[in-house]
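Note that the chains are named A, B, C and D in the order they appear, and that numbering of residues resets to 1 at the start of each chain.
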Amino acid sequence: MKKAQILLHCPDQPGIITQVTNFITVNKGNIVYLDQYVDNEEKIFFMRLEWELDNFLIPADKIAEYFDTLYAKKYNMTFRVYFSDVKPRMAIFVSKMSHCLYDMLSRYTAGEWCADIPLIISNHPDMGDVAKSFGIPYYIFPITKDNKTEMEAKEMALLKENNIDFIVLARYMQVISENMIESYPNRIINIHHSFLPAFIGAKPYQAAYQRGVKIIGATSHYVTTELDAGPIIEQDVERITHKDSVNELVRKGRDLEKIVLSRAVRKHIEHKVLVYRNKTIIFN
Amino acid sequence: MKKAQILLHCPDQPGIITQVTNFITVNKGNIVYLDQYVDNEEKIFFMRLEWELDNFLIPADKIAEYFDTLYAKKYNMTFRVYFSDVKPRMAIFVSKMSHCLYDMLSRYTAGEWCADIPLIISNHPDMGDVAKSFGIPYYIFPITKDNKTEMEAKEMALLKENNIDFIVLARYMQVISENMIESYPNRIINIHHSFLPAFIGAKPYQAAYQRGVKIIGATSHYVTTELDAGPIIEQDVERITHKDSVNELVRKGRDLEKIVLSRAVRKHIEHKVLVYRNKTIIFN
Amino acid sequence: MKKAQILLHCPDQPGIITQVTNFITVNKGNIVYLDQYVDNEEKIFFMRLEWELDNFLIPADKIAEYFDTLYAKKYNMTFRVYFSDVKPRMAIFVSKMSHCLYDMLSRYTAGEWCADIPLIISNHPDMGDVAKSFGIPYYIFPITKDNKTEMEAKEMALLKENNIDFIVLARYMQVISENMIESYPNRIINIHHSFLPAFIGAKPYQAAYQRGVKIIGATSHYVTTELDAGPIIEQDVERITHKDSVNELVRKGRDLEKIVLSRAVRKHIEHKVLVYRNKTIIFN
Amino acid sequence: MKKAQILLHCPDQPGIITQVTNFITVNKGNIVYLDQYVDNEEKIFFMRLEWELDNFLIPADKIAEYFDTLYAKKYNMTFRVYFSDVKPRMAIFVSKMSHCLYDMLSRYTAGEWCADIPLIISNHPDMGDVAKSFGIPYYIFPITKDNKTEMEAKEMALLKENNIDFIVLARYMQVISENMIESYPNRIINIHHSFLPAFIGAKPYQAAYQRGVKIIGATSHYVTTELDAGPIIEQDVERITHKDSVNELVRKGRDLEKIVLSRAVRKHIEHKVLVYRNKTIIFN
């Protein structure tokens, strides 16, 4: 059954839940999901609502307009409407490591994700065979310091051509330029191989080893122009001991990275992530 | 600011959220918490709602009556209303082990729990000094097979006299009789020293050691007449290795037991647990 | 550099470590790993030892014989010697689910495991394409109640022909017969989709949902003739809530299953698992 | 039965384990624990050894001397010998928060720790009653910026007088001076309320909230002259969500802090921590 989802936030005030749920109900929509949250420091109200469209009186393509007119302007809301029958289109960026790529593609192939993956982009040829074995087009852009602007322009043209909604950096070892980041605000998902904000930047496992931590982590976040500082979507950790060499940390970390990244991607696909001021609200 | 909390469940149908939130809003209550859940197998709707009473038009002592008349009968709801200024009164039952007792009393003394603990009951004198150091009356009922009915009758009289709302078994090593359990339905909280339903009954650490599990656990649940089979409130686990003797499991398990029990007690105190057919809905 | 590994156990008595380490050292081996453990209930001594063979005076193919003569008979030891340049050969058994298979093959392809996988066996054709994309021969044995003995005989002939050392059941949905189990004692690794010994048998996620547990798990163990009761190699868990339907448990469980199974397989490949009386000693 | 424990490290070379275990065995000691570790980057060998002294030929008070003469000089070892019948003496420093203090004292009272706690020191009177209820002398040193040198001198005199071996800072809100730190090298244990090295310094929960992390942590470490940068003994973490306010993080963090600190203290008491270049080797 086709459903609509709405994610919204606005300055908090009494009566919003009542108004919005009333809007759904009087128009004969059946609410199947509601979660709300009030940030009591910033006095902001957040909500995710999902309802069945079968008998809904307002046509799907008019919902956003009506909602805007009737509620969003009144409450100064920021909102987005999604539909369950529209699959988000994702592009994967990868370099030489295969673990995150395999993890995502095996979920995709098994039908675990309601999304399309029309293409994989890389700065190296190494993962081409993997892409091929899953039947996904693989494009190589051998980015160097000198050709970066030009290469990214080509990548962005390709993304546009394929109607890509969001990008997943599956251990992609190139820094994305500001221009590209700003074209996909809160729509580029990265996996950083540390428990952020510890060990920002390169070689976090080396740094974790040097510091002698007893637990390592991985962090999936939206990419912003500040390195490893974007809104965190998901994190997880694993216990280690002094016996683990840097190589062992790298190996154990791979399992964290792939699971954490795939969890974050799923949340994004399901429209359960709302970003506000560099933090995420994750609806469950 | 005084708040009301309502926990309810009823057969699912469209419009309930809208109706109930509307009831709060039109009567000038400000909703500060709403969480709902639909059990799609049983087709049951569950909700927890919290609102500020400052300008609420219906007097606090009339809320339950009005809600019953206007909504509960209509939707065939089961519901309870709580108020933030009414502290639940809890009794602790303890035997000879101190770890759960200390954990709870140190939280209580630090003001972590919105509850009163007017008394501690035991079948042994051992914990009397601990109770005394926290200034809480300690009653000893040396239960034996022969005097159990009589002793429990006395305990229940004492509980009634002290207006006890719920009981926490802090590693209390006596089986509670059916009669007493039925007097406190879903209001007796136990901590079992295993990851239920594994290792039901006596000596779970011994059993875990024999089976060679790699993880041990603890489970807090409401007591029902079937041993260790009541609705689970909270569980947690800890990794172990073959090097851990039974004594080590007992030692590591104590940390699990005290943390898991105290988390469950907190959830109960905050009226965030709803029981339906031997399972719990835990609102967050 | 080529290394030898020895795993041994024997009745505990003073001086064993000294004797055995002395044997390595006087023969010019350099010990690079030593871990030992004494089961104080059973009074059994366990040890894993690894040393570099470069200047070792005893030829590799004579080590077992010498060790047997000099120490094993004297101390009543059970022991096995392994060499770092001999890759164990593993067969994967799979049915229709792909998550464990992909996880293992992606590690294998990435060179994460020091093992060979010469073949995959299934009772269904579904995973044939996956096997093919990794270049591994795939054999289908459509086992039914009636042809089981015959089919297993053919499987075992195939395993023998391929010099298979151990078998991994990657969510293989057929019960292995006693005859086959006894041919591979402690060399068939299964993944059970629950936190054993809770929820033995079929449909553990359904059972977990019914019981209302707050944590689900997965267990990798060696297969014995008693169902889901063999020596546990590895377990892990994941927190769930009342909001998780059975389907959600199945989905979350898949991540547990694949990680837990792959960790167990790795331990087995590295000769870090020693079985004694239905329990494992896992060296780290 | 009285046991000796030795912790040692030295430049790695072949034969050390054999030599040292031989020393114990030929002198009729029974080894009951041996764990070793080689840091392959620094080429350093670490070992912890424990043996029964019943028939040991060398008198307990001569062991260190003999070991030094026979092995330590030869291998350029750093080592320490401990005896199971000598209880380490610990001092607790506390300010106004009770959760770590209660956790430690309840373990101490229950006989969980083989240690003596002859005194508690504070810069505030608040915890005096808690100390009293456990029968432990409580000394108040109201440190200010102006009197710090003088006050610490008095504290150190008191510690010396009481033969204190190590100090535990149980959420003690004063920075210890360099002078005092250097008097107790790797013998002052602190609990920091974050997952170090993230959120060093004051108000880590506030910082964690601002960053929007999905997991919080606590870290127990030895105090060095660089703030929150000493060798890490133990860490643990807890999952949080966007719904957790700073106050909730503080509350959830308390459970982490007390458990992590008490685990670290236990490891120290059991002589299972060896510090090398700002990192710990934790024997299990």
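Side notes on the structure shown:
Quick note on the criterion: contacts are C-beta pairs under 8 Å (C-beta built on N, C-alpha and C of every residue); 3 or more make two chains touch, one makes a residue touch a chain.
All values derive from a computational prediction rather than experimental measurement.
The chains that touch subunit B as well as subunit C are A, D. Setting subunit C aside while every other chain stays in place, the touching chains still form one piece.
The chain with its Cα centroid farthest from the Cα centroid of subunit C is B.
Averaged Cα coordinates give subunit B a centre that lies 36 Å from the centre of subunit D. Residue positions 241, 243 of subunit D are each in touch with at least two other chains. Contact residues of subunit B toward subunit D in the complex are 98-99, 102-103, 106-107, 109-110, 112, 133-134, 241, 243, 251, 255, 259, 262, 284.
Taken together, the subunit D residues at the contact with subunit C in this complex read 14-15, 17-18, 21-22, 24-25, 29-32, 34-36, 38, 239. Residue ranges on subunit A touching subunit D, taken from their complex, read 37, 40-41, 195-199, 211-215, 217, 231-237, 241-243, 245, 278-282.
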